[in-house]
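Heads up, the next two complexes both have subunit A, just with different partners, subunit B and then subunit C.
Moving on to the complex of A and B:
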């Protein structure tokens, strides 16, 4: 005991450098923990800096933007502070947000639903040639957007939909989303208790009824995963939108892109617009966050 | 209610181009209202047989009939069969009531009230009425087991199929459920096919037992028939706990010469040995037939005690012939004082031995049963 309390700072720090535990019993600072927190703090700062910069920029006037460093905020009440960019961006983006919702919501729901159905048929129902059909589904996950742009535009030029370009965009996203959704749901359906599905068959339920009454209700967490994933992907997509969206009904990503001026960049407007455009995906995460976590963890 | 007939049923799996025979030419009749236990070691084809009856596996050849009607090309849902699974297979997102309603909703056109009446009747029968609004995850293993039974009973099927329904329960609950299940089956009088690997369950629950090994039916009979008159060495070793003792012997006229002992056969036993039996035999005697003797004599052997397992009212004693490796087991009275290293003289009574052909495993001599015991013990008159 006495050696511990008697130890002067020099010997304590010497002990610390020799072995970590010695420092803790001596009431000193755990170096391991300190360095861990330091690394965490640096990484947090690194990842949050762009977000922070964007946020403070969105509240600055154009003059304040040029007159201050990007990280310094303009405080409310000071000359450089303004909410105008938010109002302007909101007004400019609102039609785009509506357009985007028009095709994103149906496309996300439909691709999740079709993916779930396909996964059920390929996983829990027994028939010949399943693997042969599963292969193109899996392959579909790995086809990059860029590689299909030309055939895609040709296709929709040959078979244009009378209801307009947003529907074409929705169908394209559904077709593109079904493979990944199928793979997601299949992983989950492989873990379903086979005896339970057999029990349902013996109970007199048809394949379709088993899906509707047993598999679908048990898929809720997986639907949260698929919906969040699909919604985010489709909402944020610019490439298909540039090629397929009708000029009179641009999605939010195109509307946001148009904030990029030809002569002067209004960074505050662009930043506010970016935050507003990201808002719906944030709301979806908050709404389905708990189910999402359970789905990812593979719970039911 | 009807009988269930398996007529030369065979199941062959295709395993990467190689044919695997899971069930080989099994013929079996389960009478109306009978409780038949299908028992065998794991991989013997008993579950496959059950699943073929349920319609969850196709039949490669042969026919399955319910009453007079062939059912093997019907879908599972059209067979009027209910099954209880080892994992209980309850629907986790439904309450107990919904679990029990499901089958009636899917397979009958009963109205809401009719379904509720039947669910509540069955729940009452099983004592799970107070669990009706709970979900499976809130139930103990024993309660889930009851719900699984309830889900089968409520459908009032022609046949119950049970696939090791008690094997997930702890020992105490298992023996309790064994009795309860038997009583329930007697009350409901539904033809039942019950699969287990546990010979105790087979012995205690079945009206008759069918023993399966390697996909082939070894013997069908009442529990006591299978116990006293096993058709072959496999059945003899499988039924009974502890297992029967087997000694390879050469028959030399009236004497069986084994490793470390000679066993003289009395004339009345020699007369009963099946005609045409070879000389390479297996002498078999149940542990409970071996008697501790108080002195030397014919068919008595001096042995050394290797291990004693006290069971309370009796002891399982593992014995060794002097100088010979390998033990055999005898069940002796619990009050008998035996300890490791003791020398004990035991007798293999001549009327309690079995002989099996060593090459084929077929029985060539059963233990003798007097006429009275034969009738009551083997249940032939039942």
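Moving on to the complex of A and C:
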């Protein structure tokens, strides 16, 4: 961190312009920068602390986490260290993880694809009334799930899918994922070069051909955003899962909640379980944080 | 919306640092409906309108239906059809086993709410949660955005850390926070004991006095990164020369932000506030994992009460009526927002 503060006064006006009046006095700069970094680090600690205390607790024996401070790790080789919570939680949650993968991946893919189609039809094909049709999609992003739960259970009771309850859960998630995906893709399609599409039109290309040959290939970065965002959302959902998932095939969120309930006060097991259930979304977030941020920002 | 997404792109930041407005010399933004500059926005909208008049035919409408009709039907059926059905169910007397009888309709369920002390407490808590959660999250998010935007090193790393809780399931974060709030060995009470603030050692999620505040605090932790992302996009669309100009005029850093920068973030505040308020209305998972369905009067909210009445007690009609109230509350937030978006040309 010391190298950062040393280097900063040298940076040109563009970079220092946001550093306020730091450049005025030679001696004051370092102090200001140091306190800025101190605040930044304290905030980072605030966001990581619940995860950190969970992580170190998951590696402790029952005696150890009751006897030590919740921030101190138990080092491998010492008495309080154990990996048993991880093994036990993994065994308990694996079926839930498999169940969740079964409906999360298809639902994420399908909602992204439908979102792309809807956004193209409502953005790059010119006809009147697009905005009117867009409103239900945008408003759909904000609908509280509670306001449809009772009818949804009725609906799936009347028309059960022969392939099982997880498929019903998948279709429901697709229906509720289409609005946000449409909004994300529309934002992107508005930036496409209109002249390029117009030229293709003048060449006699049909709107289907333009979509398949031009728009779809250009959509790859947005598919990454939509897929990552949808996967995270659907994987993390509990409410639809509680109401729609078959009892014999609980998704990972339900499995984790049941695991928590059956492991009262066994915080090492609970923490290991929480990390295992979060692992797919954590990996995706670490690898594709920028895409996730774009998906999150797209909600607004 | 588009503006927010776009301005997250690193290139926007580079262009700004070169001293230029980010729209300058970038032809990809030509049809951007959500630019900061109203003149640019309206001009491109005008161009689009002209294009519409040129090529709009009934044929285009019908052929484009292949693209938007299937998703619209799916969303229409499952979202809007279900909302309407929910309202109908709320007008019946359906409870217990069996199917609803759509024979006679009345507003009995809604009348019942007004004399139901549980409902009134839950409604009050919902509003308290909504206001406290939204205000604190916005303030913290703005603070984080300003921090991250001040040209710090490893900006990306810190942004990633601050946004990290948003990628986690509420089931996961509720389990973490239950441990943090644990009376005997939890992190929070241990910290207070370590600094000798023993009066602050409390049963944060067992004492009715603190339950709601503890929930709000944890949810702020989870969502402030989101508010930061929205504010960062807003900050980065403000041209650098405004920062420069205010400095030349001699405004101090705090004054600079209060007088020049923050007033320009109104659009970011509005859109973030809408998302946060709607989330507060439907917050369910976190409370359900932490407390179950019988969470006690001090922290009961409508979103959980609806689930408890319908899926716990079989009071389907009453649950649907509470759900309708939640929907109307959400509508009263998003309705004006969508209109505002439309007026701004952002839709």
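Assorted remarks:
Note that the second predicted complex is superposed on the first by the 251 of 300 C-alpha atoms of A that agree within 3 Å, B and C clash if a C-alpha of one lies under 4 Å from a C-alpha of the other, contacts with A are read in each partner's own complex, and residues count from 1 in each chain.
Definition applied: a residue touches a chain if its C-beta (ideal position, glycine included) is under 8 Å from a C-beta of that chain, and two chains touch if they have at least 3 such contacts.
Just so we're clear, the structure is a prediction, and the values are computed from it rather than from any experiment.
When the shared chain is aligned, no partner comes close enough to touch A:167: not subunit B, not subunit C. In the overlay built on the shared chain, the residue A:193 is in contact with subunit B and with subunit C. Once chain A of one complex is fitted onto chain A of the other, the partner contacts of A:218 are limited to subunit B, with no touch recorded for subunit C.
Look at A:101: by the touch rule set out above, it reaches neither subunit B nor subunit C. Of the two partner chains placed by the overlay, neither subunit B nor subunit C lies in contact with A:92. Judged by the touch definition given at the top, the superposed model places A:273 against subunit C, while subunit B stays out of reach. In the superposition on chain A, contact is made by A:201 with both subunit B and subunit C.
Judged by the number of subunit A residues each one touches, C leads among subunit B and subunit C. Once chain A of one complex is fitted onto chain A of the other, the partner contacts of A:297 are limited to subunit C, with no touch recorded for subunit B.
Once the two complexes are overlaid on chain A, the subunit A residues touched by subunit B in the first and by subunit C in the second are 193, 198, 201, 206, 300. Across the interface of their complex, subunit C is touched by residues 1, 4, 8, 11, 13-21, 36-37, 39-40, 43-44, 46-51, 53-54, 57, 65-66, 69-71, 114-115, 117-118, 120-122, 125-129, 131, 133-140, 142-152, 154-155, 171-172, 174-176, 178-179, 182-184, 187-188, 190-194, 198, 201, 206-208, 211, 232, 235-239, 242-243, 253, 256-257, 260, 267, 270-271, 273-275, 277-278, 281-282, 284-286, 289-290, 292-294, 296-300 of subunit A.
The touching residues of subunit B, when paired with subunit A in their complex, are 54-56, 75-77, 81-83, 85-87, 89-93, 102-103, 106-108, 151, 155.
Subunit A meets subunit B in the complex at residues 193, 195-196, 198-206, 209, 213-214, 217-218, 300.
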